[in-house]
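Pasting the structures here.
Two complexes come next, and they have one chain in common, subunit A, joined by subunit B in the first and subunit C in the second.
Take a look at the complex of A and B:
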C-alpha cells in the first residue's frame, strides 16, 4: 500500500515537472526547425537554426533591442539597489514612530494597480520630454516599497554592535553603510538584483506605452511584434523568444536560491 | 548628556536623509498619479484637452457592454484560476517538503523555472503550442481524443481556459516557493505525532498543513487576486482579447481606450479606479475571512 502511494507521489511530481519543462523544450526545439516542420508537430531538432537566425536579423532590430533591454535593466537595477537599500537601512537603523508610520504608508503603494497610475505617468513623461528614454523607463520603478521592505527586513539581522563599534572609531554614518553594511549584506543585494533585473527585463506594458520609436524598442516589444503579421513564422518566433528569455533563465538558474529568498522575505 | 542628545538628533537627521530619496520617488510616481488619475476620471474630452465633466464617466460604466464584459472576464479568470493554482501549489509544496524524497532539488527547480520567463515570452510559447495547427491539437488527434483540431483561441471558452492554463503554468511554482518556506517553519514532530495517532496523509494535509499555513495562503490569495485583476500581457499576446472580446481584460480595455482608439483618458481613468476599488475591497474581504477562521 505505502509503495503504491510512494509511486503515485513520484509519478505526480514527474508529470508536473514534465509539464513545467515541456514548453521550454518546445521553444528550443522549434527554434531549430522551419515553420512547416513545426506545424507537423515534430519533436526532433531540425537544421534551420541558422536560417531562422538570418531571417530574424533581417526582419528585426534584434541587436538594438537586446542592447536596449540590457541597458534599461542594468540601469534600473543599479539605481533601485542604491536608493532602496539605503532607505531600507535608514528605516530600520534610525527607526522611530514617525518613520515606522511612513513605512506603512509606503507599503500601501504596493496595492496600487499599474493601470491606475499608467495614464498620469504617461502624461508626466510626455510633459518632461522623456519619451523613448531609459530615464522614462526606470523612473517609476527606481523606488519600490517591496525592495525597501526587503532591505528593512534583512537589516533586522544585521548586528548593531558593528555599527556601535564603527561609530566609536569615528566612522561617519554614510561610511558605515557603504563600508560595513553593503559588503556584509551581499546576499540580500543579490536577491534584490535578481528580482529587479528580471522584472525590468521582462516588463512589457510600460515600454509599450513610452517606447514608441523603433530605435528604443525592447525585447518583449520585439517578440510581441513578430505575431502582428498574417502568417506567423513559428521557427523565427521561437528563436526570438529563446534569445529573449536566455539571460533571465541563466540568471535564475544560478541565483534561484537568492530569488526565492528575496520573494519570501515578505512573509518573515 | 547634552552631547548624547545632540548626537541623537544628528543621527535622526541623517536617517531622514537616507530614507528621503526613496520616499519622495514613491510619492511622485505612485501617490501623486493616484490622485491625478482620480481627478482625470472626473474629466472628459479627447487626448489632453480635458474638461470637468462630473460623474459622466462613472455613469457611462453602467451602460458600457465592453466594460461589463471585461469585468466579467477577469472574474472568470479569478474564480477558475486562483483556487486551482493555489491548491496545486499547496499539494506540490507538501509533497516536496519530505526530506526523504529523491530528486527533490530537481522537482523544485523544474516547477519553479517558469517564473524565469517574461509574460510575453511564455504567452507566445503557449500561442505556438495551442495554435490551430499547433502541437496540442496534433497530440490530441494522434491520441484519438479529438477528431478535428480545436480552435483554442477562436472560441470564447477554450480561449478563456487557455488563459487559465497558461497562468497556472507560469505562477504555480512561484506560489509553491511561498508554501515551501512556510512549511519549513512547521515542526515536523507535529506530523509524526499525527501519524502515530492514525491520521492519514489527507487528514494531515487538511488538519495541519492548511491551518498552519493560513497566513501565507491568505497572502498568496491576495497577491494572485491583485495580479489577475490587472492581467494584461497574457490576454494581449495569447488571445489579443478575443475572440469577440471574450478574454478582454480591464487593463487591456484601459490600454485600448488610452492608446489605441482616439484617447479617452477620462473614461479610462474611471475604469482604472474600478480595478483599484476591486483590489482594495477583495483584499479587505479576504483579510476579514482569513482572520475569522
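Take a look at the complex of A and C:
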C-alpha cells in the first residue's frame, strides 16, 4: 500500500518537475536551432548555435548590454540592501506608535503602480540631468516598502538581549548594527539580495524611458528589440534569453540555502 | 561722421544678421533617429544616411534602436521633456493619427517642406494627414497580399489566376474544393486577433469610425458582412484558427495551410522556409460580395517617418528625408534585395530592381506587382481610438465564434469603444 502511495507521489512530482523544467529545455534547445526549425516544432538539438550567436553579436550590442545590466543591478542591490535594512531595523528596534503608523503608510505605497509615478519621476530625473545614468536607474528603487517590510519582519526574530549586552559593553548604535545585526541576519540579506537583483536585472519600463543612448541599453531592452521586427528570429531570441538568465541563475544557486532561510525567518 | 557711423551700424547689423546662416551651412549637425528593426528599418535608415552623406557631408545621422517608441514619446511629451526626443522617429501607421491629434505641436509640419507627397500611394499619405497638413513621410509598405502555395493549387487543379480578382464567395468555393482534394486549408488566423477583419474592412474603404470620428461598428453593414464571411471561413474549415503569432507563422512554414493573407511584410517570414522555394505565388486579396465600394486591395500595418517639432534642426531633418525616402529610387533599390523593405514611393516600382523575378515565388516579379497593388488601396482614416476599436472587435469576434449573436456582440463592442472615448 505504502509503495503505491510512494509511487503516486513520485509520479505527481515527476509531472510537476517536467512542467517546470520543460520551458528551460525548450529555451536551451531552441538556442541551438534555426527559426524555421523552432517554428516547425523540433525537439532535437540543432547545429545553429554558432550561427545564432554570430547574428546576435552582429545585430546587437550584447556585451555592452550585459555589462550595463550587471552594473546597474549590482549597484542597485547593494544600495537598497543598505538603505532598507537600516530602515527595517529602525522600524522594529526603535519602534513606537508613530513609527508603526508610518510603516502602514509605507506599506500602502506598495499599492501604487509604477506607471502612475512614472511621468513625475521622469521629470525629476530629466531636470536633475541624470538621464542615461546608473543613478537614474537605481534612485527610484533604492528604497522599497517590500524590502523594508522584509527586514522589519526578520528583525522580530533578532534577540534584543544581544543589543542590550552590546550597549552595556559600550558599543555604539551603528556598531551594534554593523557588527552584531548584519552578520546574524545574513540569510535575510541573501534573500533580499536575490529579490532585488532579480527585479533590477529584469526591470524594463523604467530603463526603457531613461536610457536614451545605445550605450546605456540593458538586456531586457535588447531582448525587446529582438521581437519588435516584422520577422522574429526565434533561435537568436532564445539564445539571448538563455544568456540573460545566466547571472540570476548563478546568483540564486550561490545564495539558494540562505535565500530559503531568509524567507522563512521573515514570515515567522 | 554721422554717415560713417550709420554705415558702420548697417554693416554690423547685416554682418550679425547673416552670420548665423552661413555658419549653419557649414556647421556639423547630428540628426538622431529612433527606429526598431535591425534587418529592416534600421538598415534602411543607415543606407539613407550613406546616400545623404554624399549630398550633405556635414550632417551625421545617428540611428538609435528603440523597441517601444510610443511609450517613450508619450512619457516625454507628457513630462514636457521634449529635448530628450530625437529629430526623426518611425511611427506605426496605426498610431499616426492618434499621436498627431493627441500631441499637437509635437510633430513638424511637412506640408510645405518641398516633399512631393503625390509620389506616394494615396492611402498611405492620407494616414498622416490631419486638418489638411502632412506630418509624416510614408515608409514601408503594408499592402495586403494573398500568398498561396501554387503546388497545392496544382494538385487541386487550380492556378494563381483562379484566385486573382475574385470575391470572397468564390474564394470560399475554391477553398472548400482545395480542402477536399488536398486536405489543406487555405488560411490561418490568430483566434482573438481582428487583423484579417481589418484588412477586409479597408478593402471596402470603410473603417470602425465614420468621417466625423464617431464609432461605426454596430450599424456598419460592411463590418457585418465581413463577420459573416469570417464565420463561414472558419466553419467550412478553409480557415484554421491558431492561438499565437508563432503558431500562425508555423502553420505555413510547416505547410499545414496552403496560404496566408496579410500585409506584404509577411513575405519575410514565408521565405524563411527554404524547402518551399519556388512553390509560392502572390496575388491580390478577394473582395467582398455585397459591400458598395469593395476592391481587391487593402493594407495591414506599415510605418512612416516623422520629424519632431522639438528638433534643433527640423529643416535639416526634412531635407534629409526629402533626398532619401522621398526622393531616391536608388535607396529603395539598395534596401529591397536583402531586407525586402518595399516602398510606397511609387517611382521605385518602375525600377529594374523591382521588376526582377523572385525565385522563391516561382520567378514572379512580386515587388512590382505589390507596388502596383499599393496604388489601388482604398483610403481610410484610422482615427484617434484605432487600437481601442481593434481590441473591442477582437473581443466581439471571440464571442461570436463562441456562439454569441452578431448584432449583440457588435453593439457591445461599439458601447465599449464609446465608453473608452468618453
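We adopt the following convention: the second predicted complex is superposed on the first by the 232 of 268 C-alpha atoms of A that agree within 3 Å, B and C clash if a C-alpha of one lies under 4 Å from a C-alpha of the other, contacts with A are read in each partner's own complex, and residues count from 1 in each chain.
Just so it is clear, contacts are C-beta pairs under 8 Å (C-beta built on N, C-alpha and C of every residue); 3 or more make two chains touch, one makes a residue touch a chain.
No experiment lies behind these values; they were computed from the predicted model shown.
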Item checked: Fit-or-clash call for subunit B and subunit C when the two complexes are aligned on subunit A -> clash
Notebook entry, point to check: Regarding the shared-chain residue A:165, is it in contact with subunit B (first), subunit C (second), both, or neither?
Noted result: neither
Margin query: Just checking: does A:36 make contact with subunit B only, subunit C only, both, or neither of them? Give me first, second, both or neither.
Written below: second
Check: Looking at the overlay, does A:178 come into contact with subunit B only (first), subunit C only (second), both, or neither?
Finding: neither
Margin query: By the touch definition at the top of the document, which applies to A:213: first (subunit B), second (subunit C), both, or neither?
Written below: second
Notebook entry, point to check: Who does A:119 touch here: subunit B (first), subunit C (second), both, or neither?
Noted result: both
Note to self: Per the contact definition in the header, classify A:225: touching subunit B only (first), subunit C only (second), both, or neither.
What the structure shows: second
Notebook entry, point to check: So, A:234: does it touch subunit B (first), subunit C (second), both, or neither?
Noted result: both
Item checked: First (subunit B), second (subunit C), both or neither touched by A:11 -> neither
Item checked: Residue contacts with subunit A in the superposition, subunit B compared against subunit C -> B
Note to self: Of the candidate stretches 27-35, 63-71 or 207-215, which in subunit B collides with subunit C after aligning the structures?
What the structure shows: 63-71
Item checked: Footprint overlap on subunit A, where subunit B in one structure and subunit C in the other make contact -> 39-41, 118-120, 122-123, 205, 208-209, 224, 227, 232, 234
Check: Can you list the residues on subunit C that touch subunit A in the complex?
Finding: 36-40, 64-68, 71-72, 75-76, 78-81, 84, 245-246, 249-250, 253-254, 265-266, 268-269, 272-274, 301
Next item on the list: Would you pull the subunit A residues touching subunit B in the complex into a rising list?
Entry: 5, 9-10, 12-13, 16-17, 19-21, 23-24, 26-27, 30, 38-41, 83-84, 86-87, 89-91, 93-96, 99, 102, 106, 109, 111-124, 139-140, 142-145, 148, 173-174, 177, 198, 201-202, 204-205, 208-209, 219-220, 223-224, 226-227, 232, 234, 237-238, 241, 244-245, 248-249, 251-253, 256, 259-260, 263-264, 266-267
Item checked: Touch list for subunit B against partner subunit A, complex -> 11-12, 14-19, 21-23, 25-26, 29-34, 36-37, 40, 48, 88, 92, 95-96, 101-102, 106-107, 109-122, 124-129, 131, 133-135, 138-139, 142, 169, 173-174, 177-178, 181-182, 201, 215-216, 219, 226, 229-230, 232-233, 236-237, 250-251, 254-255, 258-259, 265, 268-269, 271-273, 275-276, 279-280, 283
Next item on the list: Provide the residue numbers of subunit A that touch subunit C in the complex, in ascending order.
Entry: 35-36, 39-41, 59-60, 118-120, 122-123, 126, 131, 205, 208-209, 212-214, 217, 221, 224-225, 227-232, 234
